[in-house]
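The same subunit A turns up in both complexes below, where it pairs with subunit B and then with subunit C.
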Partner chain A sequence: MSRPGFVLEVDDRTPPLVVHEGEGFRLETFPRGTRVVYPPESLPGIRDADGAIRRALLEPTNSEPLPVLLTAGMRLTIAFDDISLPLPPMVKPDIRQRIIEQVLTMAAAAGVDDVEIISANALHRRLTAAELKDIVGERVFRSFFPQGALYNHDAEDPDGMLFIGETDRGEVVEINKRAAESDLLVYVNVNLVAMDGGHKSVPIGLAGYKSLRHHHNSQTMVNSRSFMDHTKSAMHHSAWRMGKLLADHLKIFTIETTLNNDVFPDSYGFLMKREWEWGVRDQASMLAARRGLAIAPKSVRHNLYQGMRAPYGLTGINAGETEAVHELTVAKVHQQQMVEVQGQSDVLVMGVPYVGPYNVNSTMNPILATCMGLGYYFNSYRGQPVVRKGGAVILYHPVEPDFNQLHHPSYVDFFEEVLSTSTDPAVIEAKFEQQYATDPWYIHLYRTSHAYHGVHPFYMWYWAAHAMDHVGDVVWVGADRKAVERMGFRAASSLQDALEMVSGTVGRSPSITYLHNPPHLIADVR
Partner chain B sequence: MMLALELFRSIPRYAAARTLGSRMPGLLVGPMAPVRLVTRDEPPVRHDGWARVRPLLSGICGSDLGVVTGSTSLYFSALVSMPFVPGHEVVGELLDDATDHSGAPLPRGTRVVIDPVLACAARGLAPCPSCASGRTNLCNHVTVGHVSPGLQTGFCRDTGGGWGEQLVAHSSQLHPVPDDLSDERAVLVEPIACAVQLARRAQVPSGGSVLVSGAGAVGLFATLALRELTVAGRITVIAKHGRQADLARSFGATDVASPDEAMRAVRRATRALRVAPAPLPGPAARIVGGAGEMLLGGVDVGVDAVGSTGSLDTVLRSTRAGGRVVLSGMPASADLSPAWFRELEVAGTYASSGDAFEVATGLARLAPLDGVVGGRYPLHRWREALDHAHSAGRLGTVKVCFDVRSRA
Partner chain C sequence: MTSPVVHVAKHVLSGALLRGARQDVRTVARGWRWGRRSMVPRSAEPYVPAQTTEPFPTAWARTPVATVVRDGLQRFGLRPLMHSGITPTVRGLDVLDQLVGPVVFVANHTSHLDTPLILCSLPDTWRRKTAVAAAADYFFDTWWRATSSAMVFNTFPIERRSGSMSATPGDLLADGWNVVVFPEGTRSPDGWTRRFKPGAAFLSQTQQVPVVPVGIRGSFAAMPRGRGWPVPGRPAVTVRFGEPLLPLVGEGPREFGARIENAVALLVDEDATTWWDATRRAARGQTPAMSAPDTAQWRRVWDQTRPPVVRTTRRIWR
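Right after this comes the complex of A and B.
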């Protein structure tokens, strides 16, 4: 029986606690009285995953069984969440592979010949062939990739997008043409956090800039409170409007999966345990990891972390009509990640780990670190933010100004040009977004190389807009001073220094909450 | 007798300068310098139309430093006569009654700036085709006539130069300085006139984009002239140091980029495509040169205002197909493949001609030039002056001058 999450209050007996900071971690001693929010322990995984998948396809929610929807001569498209999910990537076989294989088996049995499989990467980078193979598995890859029937979505292909219509708010809905013109679109999702899934899958994953700009903007992001609660997120409201419009034009069979909190491999199992419960083996693993990471060259550390695969357990799979499925999915995610927290605090402390959705097999640059800390982790709440309005956020990450030139070319320019002009999301949006979104070189690299779209760094910055609007002070511990100053923040070398620096905002005896994340958690702030 | 700095012929010192100049500039203002402070006879007036001038301020130009450090091309060796007193950016006062370039009388004591080109008129010759067309900076007769070979005052043994207490100048070289123009601004008229020439040679199309590589005196004045005299749209300046960047903006740059960031900045501004060769392993990359990144697209006009290989390479690789590359200052060698592949028009710009001095005087009056002359040295502190000029950008200085009157 897995234990629920809980809030620890630090006292004299509390040992130093793990805080993630990029490709490493530290043991931090928090001031007495600090609240530490621990995620629930991992729910048990479903033992017969293949059986659960089969049941979900045969007994869907608010939909006919999948075999009934499959008919000979039809045009079938299968789209799946790209490499940005889950985090970290999962050990093989990927859950998407298991689902796609069963969908294809049923399609073959029904005599469906016209099948294409699309990575729903929206404006994310194209996956390499090896990355596609990791997700769909060897068998599917060999059967579809050489024929060009397994490929990345291209939102900038003028012949590959289809205008569907506009919502009642004038939002343009345009998605992948092959998907839009299919008799059936099967979407295979990995619902890592509550923000994912639902109508965020097809109307976003298979869309382009013309659609995304309606909800990926500073105004919408500031008014999404939070992303983890789609009923109170302006971004999700927009996606839901688009999804409803899309559902009138296209038959979509949604398959959503939920995972447990086993985010680290066995050798790093201590990172998922409460520190005072570490046994001798955990202590030894921790010491070995710390010493090893301390002496390892940067490249070795990077490879070690990026090579990590999570032994997730499948906690749920639901299929059928998108909204009905998503309600079941969100309930399961909440069961795994929700922790009740009583009231807000003056200071929120978070450790930003090595991986986010946009640096898998890549580098977490300063903008992605900001997105991870002030975007995803800050927004990992329901009800109200963990930190009070005007409070302070303290983050841990090296924030080195390292950029992956292959994956993030526009990020370099965003950091150098845009952020040196302004850090205000609204100002940036008005002055620079169009220029970057339509830049032919960025578009060329997005379409032919493995680069995120030119507008992508803007979206990352917008993710942090709510936090920047809400808090009065942001300090990064252990960060590159110049890099964080470029982004309008401050750097400190220790927690004590950071607390001293924010004392002007929150006083000398602030209430502090530390989110012990990862594994993933959602603070349900009452 | 007068005090003057003299550049003299010394093969060992020249060889040392050429070998070590770029690596150990400190040596060049020490015992290895082919420069010496001497007491020598004032240059005499030998022909009609010439007058004596007492320099007040005399600037140290990049080309002067090039001669001292041995980095100047040997191409110019036949166009100078040794030993000579350097200094061609001069504001001085007349010691004789004279006339200016247009024939207007200039009484003794008048402050003047000097157009340093020693063209046909100064040499007592009938105008060559270039001089006849008013393009005196392209004179074909710079090695013959009344005075010894020398493309300019400051490179000719007969005329003296600004780094001495007296020189002689021909009336065709004299331009009076308005009373309301300070010496500090007047000494900048000659380099600004060169920038005026550059702006004209650039032939910037209406709203065209311009890249100025370098933000020393040449680059900054080029920016000023391009902004004031052309219909340029976006002007991007590559500046190494903070003060240079600030000045470039105040002189009219739309944006400023560091050298490392230059190609990216131009690409963003012009929405060009950037092409970079696949990276080679370390040792191979060192052996195979010329494999840098380039733009397909780029600025309409690129200006090399440094004269280094890196700067010229950047300009050639960031100018759009069919665009114009302007060489200001003495150019270094570079890979000319882009000039061929992109059908670039490569244009030189040397000194000035026509009414450039009048236009430059107007700019010197109005432009934000306060503080541009950042160092003034008496002649006997020439080592410090050259050292300062050599590191001017890093030290936040644009122009270093000799204050010829000073004994302090």
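Right after this comes the complex of A and C.
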């Protein structure tokens, strides 16, 4: 039986608590009275995942069974969430592989010949062949990749995009042409957090800049309260409008999956436990891991972390009509991640771990660290933010100014050129976004190499816009001072220093809440 | 860029590895209370999972060899140690002369002193054949604590959270062992007795063995919860054994449990006053309750931390 999440109040019996900070973690002693939000324990995974997938395809929600939708001679496109999900990547076989294999088995039985499989990476980097193979499995890869029928979505291909129309708010809906012209689009989703899935899948995953700019902008992001609640998120409202328009033009069969909270492999099992329940083995593992990471060269540490695979268990799978399916999905995600928190606090503390959606097999640069902390983790709430308006946020991450030149070329220029001019999301959007979004070199790298689109760092910055608008102070513990100064923040060497620095904003005895994340959680702030 | 080998070598040779390790070990030793009982933050207590581990085996502690070793430990180790910290007075042992074991000793429980007090008060023949029921989640949570308590005190685990008695006490009584039971389930936080659970009465009824009530006075004042050693000054503590009780025909565990509780209360009252006064009060149904009065916590603790007055003058009736 999985125990629910809860809010710990630090007292004299509380041992030091784990705080993630990039490719490492520390043990932090929090002031007494600090609230610590622990996620629910992992729900048991479905034992017969293949059986559950089959049932979902044969008994979908608000839709005919998949075999009925498959007919000989039809054009079938299967799109799937790219490498940004789940985090960390899951142990093989990936759940997407299992689903795609069953969809293809049904398609083969129905005599469908024209099948293409697309990684729905929007403006993310193209996946390498090995990464595609990791997700879809060897059998699917061998059957489709050499023939060019398994590929990455290219949002900058002038012949590969199709204008569908405009929403009643004038938002352009343009998606992948092959998907749009198919008789059936099957979308395979991994719903790691409540923000994912629903109409965020097709209208965003298979779209291009012309569509994305309508919701990926500072104004929309500031008005999304929060991303984890699609009913209160301006970004999701826009995506929903686009999705409804798309649904009138295209038959979409959505398959959404939910995962449990088994984020770390067994060797790092202590990171999944509540600290006071650590046994001798957990304490020894932690000490060994701490010393090992301290002694390891940076490259070894990086490879160690990036090689980590999460033994996620499947907690649910639903298929059928997008909106109906998504409601079931969100309920399951909430069951796994929701924790009730009473009231806001003056200070919010978060540890930013080593991986985010955009640095899988890559480097978490300062902009991605900001996006992860002030974007995703800050927005991991429902109701109201965990920290009060004008409060302070304290983050842990080294924030080293390291950039992966292959994956994040435009990030380097964004960091050096744009952020040195302004850190205000609205200002940089007005002044620089168009230039980066249409830069031919960035577009070339996006299309032919493995680079994120030129506009991508802007979007990362916009993710943090709500937090920057809401809080009065942001301090990074253990961070590179120059790097965080460039981004308009401050650095501290310890929690005590950070609290001292924010005392001008929140006073000398502020209420503090620490989100013990990962594993993933959503704070339901009442 | 330095090679990984050079990096590691530098780290080791500079002493950073050792310094960091020392610092980490110190942090963990302090935070996780090495050598002491681990504690759960108060706000996390409702979320502590129920123990599902197999009971710790204690049959080895009742083998003839272990019994001989324990006899030595108790006579030459535990008893002198106890007498060095407190001044025990034992009364009413004559009741045991009328009995042939096994019996269930039932006592009030306010201190870790209670178990050694009872054991060291018993005549040697009784002591060697006596086992003590101990909370599985407290005394059997680690192998070393379980082994040492089973060796020295002849403890065996009972599950107190589930409210059901483990099968072991009945087996022990059937094998001829006397069993010490503290029916409150835990030490009193303020020195006053909590309500007795009916487990001991049930045990007596099912095994058809008598219950010997034991009243302990002064152990809370000598070594309350939170202390690992008695307070200075060798405080006085009294242990008084009462007349054996047997379940009456048609009497349920609850009724019999209440009768046992009254008998223990009578012993405590008798110890504080005289047998005659206590007996008369009992006849009038006015035996002072052992349960805490409805006063402030500090007053309850204050009252119970007063050392008992032990009469040394000879009395006709004890």
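Definition applied: the second predicted complex is superposed on the first by the 526 of 526 C-alpha atoms of A that agree within 3 Å, B and C clash if a C-alpha of one lies under 4 Å from a C-alpha of the other, contacts with A are read in each partner's own complex, and residues count from 1 in each chain.
In the analysis below, contacts are C-beta pairs under 8 Å (C-beta built on N, C-alpha and C of every residue); 3 or more make two chains touch, one makes a residue touch a chain.
Since the structure is predicted, the reported quantities are computational estimates derived from the model, not experimental observations.
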Which of subunit B and subunit C A:Trp278 touches, first, second, both or neither: second
Which superposed partner A:Leu304 touches (first subunit B, second subunit C, both, neither): neither
Touching partner for A:Met501 - first (subunit B), second (subunit C), both, neither: neither
Dominant contact partner of subunit A by residue count, subunit C or subunit B: C
First (subunit B), second (subunit C), both or neither touched by A:Asp413: first
Touched partner set for A:Trp441, first subunit B, second subunit C, both or neither: first
Which of subunit B and subunit C A:Arg290 touches, first, second, both or neither: second
Intersection of subunit A interface sets (partners subunit B, subunit C): none
Partner subunit A, residues of subunit C touching it in the complex: 2, 4, 7-8, 11-12, 16-17, 20-21, 24-25, 27-28, 31-32, 38-44, 46-47, 49
In the complex, subunit A residues that touch subunit B: 412-413, 416-417, 435, 439-441, 444
Interface residues, subunit A side, partner subunit C - complex: 3-4, 6-11, 13-16, 27, 29, 274-278, 283, 286-287, 290-291, 294-297, 299-300
Subunit B - residues contacting subunit A, complex: 261, 264-265, 267-268, 271-274
